[in-house]
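In what follows, subunit A forms one complex with subunit B and a second complex with subunit C.
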Partner chain A sequence: MPVLELKDIAKQYNKRVWGVQGMSLDVEDKEFIVFLGPSGCGKTTCMRMIAGLEETTRGSIILQGKDITDLPPRDRGISMVFQNYAIWPHMTVYDNIAFALKLKKLPSSEIKSRVEEVADMVKIGTMLSRFPGQMSGGQQQRVALARALAVRPKLFLMDEPLSNLDAKLRVIMRTELKAIHQRTEATSIFVTHDQSEAMSMADRIVIMKDGEIVQVGTPEDVYFRSADIFVAGFIGTPPTNFFYVDVKKENGCTILDHEFFKAELGKEDSDRLSGYEEIVLGVRPEDFILNKEGNGILKSQVLVVEPQGAHQVVALEVEGNIIKTLVPSDHSLRPGDNISFDFDMRHLHFFDKQTEKRIS
Partner chain B sequence: MGSIRRGVFRSVRKTTLYIVVAGIAMALIFPMFFLFTFSLMSDYESYSEWPKPLLPRIKVEFRLTPIESVDGSYKMEIWNNSEKGFTPFGPEENTRANKSLRKLSNFIRNYSNCFISEKELSEIMDSVDQNGAETFILKKKVFNNYTRFFTLYSGAAQSVLNSLATAAMTVFLSLSIGGLAGYAFARYIFKGKNVLKLSVLFVRMFPPVAIALPMVIILGKIGLYDKPVGLSLIYSVNQVSLSIWITASVFMGIPESLEEASQVFGASKIGAFFRITLPLAVPGLAACAMYSFIYSWNEVINALILTQFNPTFPVVVYRSLLGANAQVHLIAAGSVAQALPAIIFTLFIRKYILQMWGGVKV
Partner chain C sequence: MDNPTGVLSREQKKKIIPYLLIAPVVIYYILFWLLPVVRAISGSFMSAPADEGGVFTFGNYTALFKDPVFYQALFNTAFIVLISVTLEFVLAFGLALLINMKFHGSGMFLFLALIPMSLPAVAVGAMWTSGLSTYGWLNSFLIRIGILNAADKIIFLGGGHFAKMFLIIIVDAWQVIPSVMVILLSGMQALQPEMMEAGYVFGGSRFKVLRKITIPLLKPTITTAMILRIIAAIQIWLIIVMLFGYNRLPVLLEQIVLNVDKYTGSEAFFRKGMALSVVVSLIVSCVSFLYLKVSGAFDEPAGKGV
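Here is the complex of A and B:
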C-alpha cells in the first residue's frame, strides 16, 4: 500500500490560472521521489499542497490511508526543508531543531537526545548554541535538515534545498542527503529543476510540465525511454538532438530520410515505425559514434569544441540547428574540421511528429 | 618625500573633518546644554548676573554685616559674579525678630535656591555681634527649580500623568491597529490594496489644526472632550497611518517561509505569528512605538484645543511661557522636564532601533 496517494489534485490561482492540473501519483514506502521540471511547472505548488501551505482546488491527498487534504500543516505529520532554509534567526540552532519537539511537549531529556542525534547526523553537533547568523549557508542548510529530521516525519519534503549552495557544496550535500535517506529510510519528496540532481538522487523521477505529469519513472526510464520530446530534451547534458525525418521503404528496408543523411533501420525499429511517414528522431550526444574513415551516416563540419576532461562536446551545424555530440578526448578536433558520425542504432528515440509522444 | 607630503595632506584633511563635525555637534548640542544649565540657575543668577556662566553655581557666598546706625539690625549681601563683589540682597534691614528672620530665610530660598533655617540665621547674627561682619557659604539646592515649577504651576504633576496616559494609549492604539493592518498589507493580496494603502497616507495630509474644531465637537458629543482618551484617539488617527507604513515594510522584510516553516513544525497560524514573526519584528515595532510616543508627548496645538481643565504637560509648559509671572529659569526647568521622558524612552529602546538600522544583527 502506498504511503502517499495524490488523487487528481489540482490548484487554480485567482479562479483563472491553473498551477497544477489533475495530478495523480502513488508514493511507496521508503521511496525517494524527485519532482523535476522547468520553473513554473507546478512542482513546488504541488509540494506545498502536500505540506498544507497551499489549499487544493480539487482532488485529495491521502497519507498512510488518512485523508489530509484539509488538515492544517501541523497535523499532517510532514516535515519540510525550504529553499531559503527558513530557519529562525532569533533562535539558537538547538532551539530551531527542538522547536517542533517542544510544541509536541516531549520530555526535555528526550528532546535533548533527539536534537543531538540529528545534529550529529548532519555534522553540526558542535554548533548547537550558535545563532544562524553566525553560520555559513551550507551550515544553515544542515540546520534546516536537522530540524526536519528531528520530528521523524511520515513524509519528508524538500523544496529545492540545494539551489542556494555553491556548485561544489551542492554535489557534496547531494551525496550526504542520499546517505541520510538510506539511513533514516524516510519516504521523501524532493523538488528540483536540476536534472543531474534528480538523476543522481531519485528512486523515481516525476517529470512535470505546465502543471501536469509528463512521465514517472526510474532515472533509467526517463533517460533511455523518454516519454516525449520534452522529456528527451530536458534530461541529459547536453540534451537530446532532434531531427525531422521522413520514413521511407527502400529495397524492403526502412530508411530514415533527412536532407543531410539517410539511416537504415533494423527489423525491430522498422516494425515500430510501420504506418508512420514523418517522425522526429532523437539522438543523444553520446550515441553519435565518430567514424574515422569519414564515411559515416552524418557528415558535417566542426563548429565549436568544448573540452570537458575525459570527453569533449563537439557542436555541429546541421540545417541551421546546432547538434551537440560527445567525443572522447583523444581525437583532436578543431573548428572547421570535416567530421563524420554513425548513430548507435540501439538507442535511437522516435517521436510522433504531431503528438510529440514516444513511438514504442 | 611624496609619502610624507601625502601623510601630512591626509592628517590635515582628517583634522578639518573633525573640526567641521565637532562644530556641527556643538551647534546641535549647545542650545540643549544651555537650556539645561539655565534650568539649574537661581532667580538671582538668571536676572542679576551677566554674562551667564556656562556651569551653574553649586555654592553661594553671603555676607552679613551689622548696620551701625540701627542697633540689632543687619544687612545681607550676596556675591555677584559679574560685579566681582557683594551686592545687597533681601530686605534692607534684618532683625532678630521672628518675622524678620522668616522673611529673610524665605527670600534666600526663593531667590538663591539656598536653604537656611531661622535658627541658623540667628546663630550667624550672634557671631556677627561678637566678631563683626561675617561671610558664609551655603550649598545651592541645584534641582530646586524643578520642584518649584511643579508647585508653582498647579496641575503640572497631574498633567504629566495625563500626558503619560495619552502617550501610552496612543502607542497602544497605533501599534495594535497599525501593526495588524501593516501585517495584512505585507502578507495578503486583496482588492484595492494599493488604493487603501495610499488613502491611509492621505489622512496624514491634513494639518491637525484644520480638523481640530470638528474634532472638538465630535469629542464633546461622545463625551471624550478634555480627556486623555479623546486626545489619544485624535493622535492615533495620525499615528496609525504612519505605523501601518512602517510595520508593513518591517513585516515584508520577514520572509513568509519563516512562518510557513513554523506551521509545518507544529505551530498554528496565530502561533506562528506570535512565536516567529512578532519577535523578529520587535525592532521595527519599537521604532514605531518611539515615533508615536514622541509625537503624542510633544504635541501642543491639538492638546491646547482639545483640553481645558485636564491639559497635557506640554500645554502646561506652553501656558507657563505666556503667564504674567513668567520666570525664565523655571520655564527652562519645565522644558527640560518635558524633554526628559522622550529622551529616556528613546535611550531605552535604542538597542532595537540600532538593530533596525543594521547596527546589530540578531
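Here is the complex of A and C:
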C-alpha cells in the first residue's frame, strides 16, 4: 500500500488561475521522490498542499490510509525543510530542534536524546547552545534538517533546501542528504528545479510543467525514455538536441531525412516509425560519436569548444540552431575545424511533431 | 614642506570634513534643544529672572512637593498610563493580527481603522465633547436606535473620579490604537511567513505559534511601539482639558500648562510650572529607561538573526 496517495489534487488561486491541476501520484514506503520542474510549474504549491500550508481546492491527500486533506498542518505527521530554512532566530539550536518534541509533551530525557541523535546525524552536535545568528548558512541548513528529522515524520518534505547554498556545499549536502535518507528510511519528497540534483538523489522523479505531471519515472526512465520533447529538453546537461526530420523509405530501409544529414534506421526503429512522415528527432550530446575519417552522418564546423576536464562540449551550428555534443578531451578541436559525427543509433529519441509525445 | 594649499594637509582635511558635515545638526540641537533644556532647569531653581533680582532657591520644588494636587496628578497620570497603554496594546495587537490575515476587504478595513489617527487631538476633543455631553450625539444615537429611553440620558461627563479616568482612557484609546496598530502591523509584515508556517508544521496551534514565535520575533517592534505610547500617555492633557476643563482631573502635563500659562502674572506659579516640567522630564526619562532595561533592549543581541 502506498504511504502517500495524491488523488487528482488541484489548486486554484483567486478563483481564476490554476496553480496545480489534477495531480495524481502514489508514493511508496521509504521512497525518495523528487518534484522537478521549471519555476512556476506548481511543484512547491503541491508540496505546500501536502504540508497543509495551502488549501486544496479539489481532490484528496491520503497519508497512510488516512484522509488528511482538510487537517491542520500540526495533525498531519509531516515535517518540512523550508527553502530559507525558517529556523527561529530567538531560540537556541537545541530549542529549535526540540520545539515539536516539547509540544508533543515527550519526557525531557527522551527529548534530549532525540535532539542529540539528530544533531550528531547532521554534524551540529557541538553547536546546540548556539543561536542561529551565530552560524553560517550551511550550518543553519543543518539545523533545519535536524529539526525536521527529530519528529520522525511519516513523510519528510524538502522545499528546494539546497538552493541557498554555494555550489560546492550543495554537492556535499546532496550526498549527505542521500546518506541520511538511506539511514532513516523516511519517505521523502524533495522539490527542486535543478535536474542534476533530481537525477542524483531521486528514486523516482516527478516532472511537472504548468501545474501538471508530465512524467513520473526513475532517473533512467526520464533520461533514456523521456516522455516528450519538454522532458528531453529539460533533463541532461547540455540538453537534448532536436532536429525536424522527414521519414522516408529508400530501398526497403527507413531513412531520417534532414537538410544536413540522412540517417538509416534499423529494423526495430523502422517499425516504430511506420505511419509517420515527419517527426522530431532527439539526440543527446553524448550520443554524437566523433567520426575521425570525416565521413559520418552529420558534417559541420566547430563553433565553440567548452573544455570540461574529462570531456569537452563542442557546439555546432546546424540550420541556424546550436547543437551541443560531448567529445572526449583527447581530440584537440578549434573553432572552424571541420567535424563529422555518427549517431549512437541505440539511443535516438523520436517524438510526434504535433503532440510532442514520445513515439514508442 | 609638501603642502600645496599651505593651510591643511590632505590627512587633516579628511579628518575635518565629517565634523563640518554634522555641524549644522549640532548647532540646531544646541540652539533649539540643549539651550531651552538648560534654561528650564536653571530657571526652575531661580525665584525670578536673574536680571530682575532672582536668586537661587529650592523654593519652587518645595512648593510643588507640598501641593496635594501634584500627588493627585501623579497618581492620575500613572493610572491612565498603566491602563491605557495595556488596553491600547492588546486591542492594537489584535487588530494588527486581524488585518495581517489579509482577508477579503482587509485593505478597506485598514483604511477605516486609520481614520482616528489622522485627526488632530483638538478635533478629537471637540468631537467627543459634543458626543459625550448630555444632549450630545452619543445619547441621541443610543435613543434613536432604541437602546436608551429618552428620559434616561447618560451623563457621561458627570461621573466620579475613576469614571472620568476611564472615559479619558477610552477616548485616548480610540485615537491612538491605529498608530500602535500600524507599527505592529509593519513589524508583522516584515516577518518571514515561513517562520510561522514552520511553527504550524512542527505541531503548533495558532495560539502556540503566536506566543512562542510571532511575539518573540516582534519584540523589537513591540518595544518601539510601547515606548512611544508610554511617553505619549504620560504627556496626556489636551483631551482632558477639552472634556472636563482645568483642574477637574489633574494630570502632570495639564498642571504644567495650568501653572505656566493660565495663572498669568504670578511668578511663583510660573516657577512651580518650570519645576514640574523638569520633574515630568525626569519621570519620562526614568520610565523609558526602566522599560527598555526590563524589555532587554540593552542586552547583547543573541546573533545577527537569520
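Keep this in mind: the second predicted complex is superposed on the first by the 360 of 360 C-alpha atoms of A that agree within 3 Å, B and C clash if a C-alpha of one lies under 4 Å from a C-alpha of the other, contacts with A are read in each partner's own complex, and residues count from 1 in each chain.
The criterion applied here is as follows: contacts are C-beta pairs under 8 Å (C-beta built on N, C-alpha and C of every residue); 3 or more make two chains touch, one makes a residue touch a chain.
Keep in mind that this is a model prediction, so the values were computed, not measured.
A.B. asks: If subunit A is used to align the two complexes, do subunit B and subunit C fit next to each other or clash?
C.D. replies: Subunit B/subunit C on subunit A - steric clash.
A.B. asks: Just checking: does A:Gly211 make contact with subunit B only, subunit C only, both, or neither of them? Give me first, second, both or neither.
C.D. replies: After superposing on A, A:Gly211 lies clear of both subunit B and subunit C.
A.B. asks: Look at A:Gly59 in the shared chain and tell me whether it touches subunit B only, subunit C only, both, or neither; answer first, second, both or neither.
C.D. replies: In the superposition, A:Gly59 contacts neither subunit B nor subunit C.
A.B. asks: According to the stated criteria, A:Phe99 is in contact with first (subunit B), second (subunit C), both, or neither; which is it?
C.D. replies: A:Phe99 sits against subunit B and subunit C alike.
A.B. asks: In the superposed arrangement, does A:Gln140 touch subunit B (first), subunit C (second), both or neither?
C.D. replies: A:Gln140 sits against subunit C, while subunit B stays out of touch.
A.B. asks: Look at A:Pro161 in the shared chain and tell me whether it touches subunit B only, subunit C only, both, or neither; answer first, second, both or neither.
C.D. replies: neither
A.B. asks: In the overlaid three-chain picture, which partner chain does A:Trp88 touch, first (subunit B) or second (subunit C), both, or neither?
C.D. replies: Both: A:Trp88 reaches subunit B and subunit C.
A.B. asks: Could you tell me which stretches of subunit A are touched by subunit B in one complex and by subunit C in the other?
C.D. replies: Shared contact residues on subunit A: 51-53, 72-74, 78-80, 82-84, 86-90, 99-100, 103-104, 131, 133, 147, 151.
A.B. asks: Would you mind writing out the residues of subunit A in touch with subunit B in their complex?
C.D. replies: 51-53, 72-74, 78-80, 82-84, 86-90, 99-100, 103-104, 131, 133, 147, 151
A.B. asks: Considering only the defined contacts, which subunit A positions touch subunit C in the complex?
C.D. replies: So the residues of subunit A touching subunit C come out as 51-53, 72-74, 78-80, 82-90, 99-100, 103-104, 130-135, 140, 147, 151.
A.B. asks: Please name which positions on subunit C make contact with subunit A in the complex.
C.D. replies: Going by the criterion above, the answer is residues 192, 194-195, 197-205, 208, 212-213, 216-217, 219, 301-306.
A.B. asks: Per the contact definition, I'd like the list of subunit B residues that touch subunit A in the complex.
C.D. replies: 255, 257-258, 260-269, 276, 279-280, 361-362
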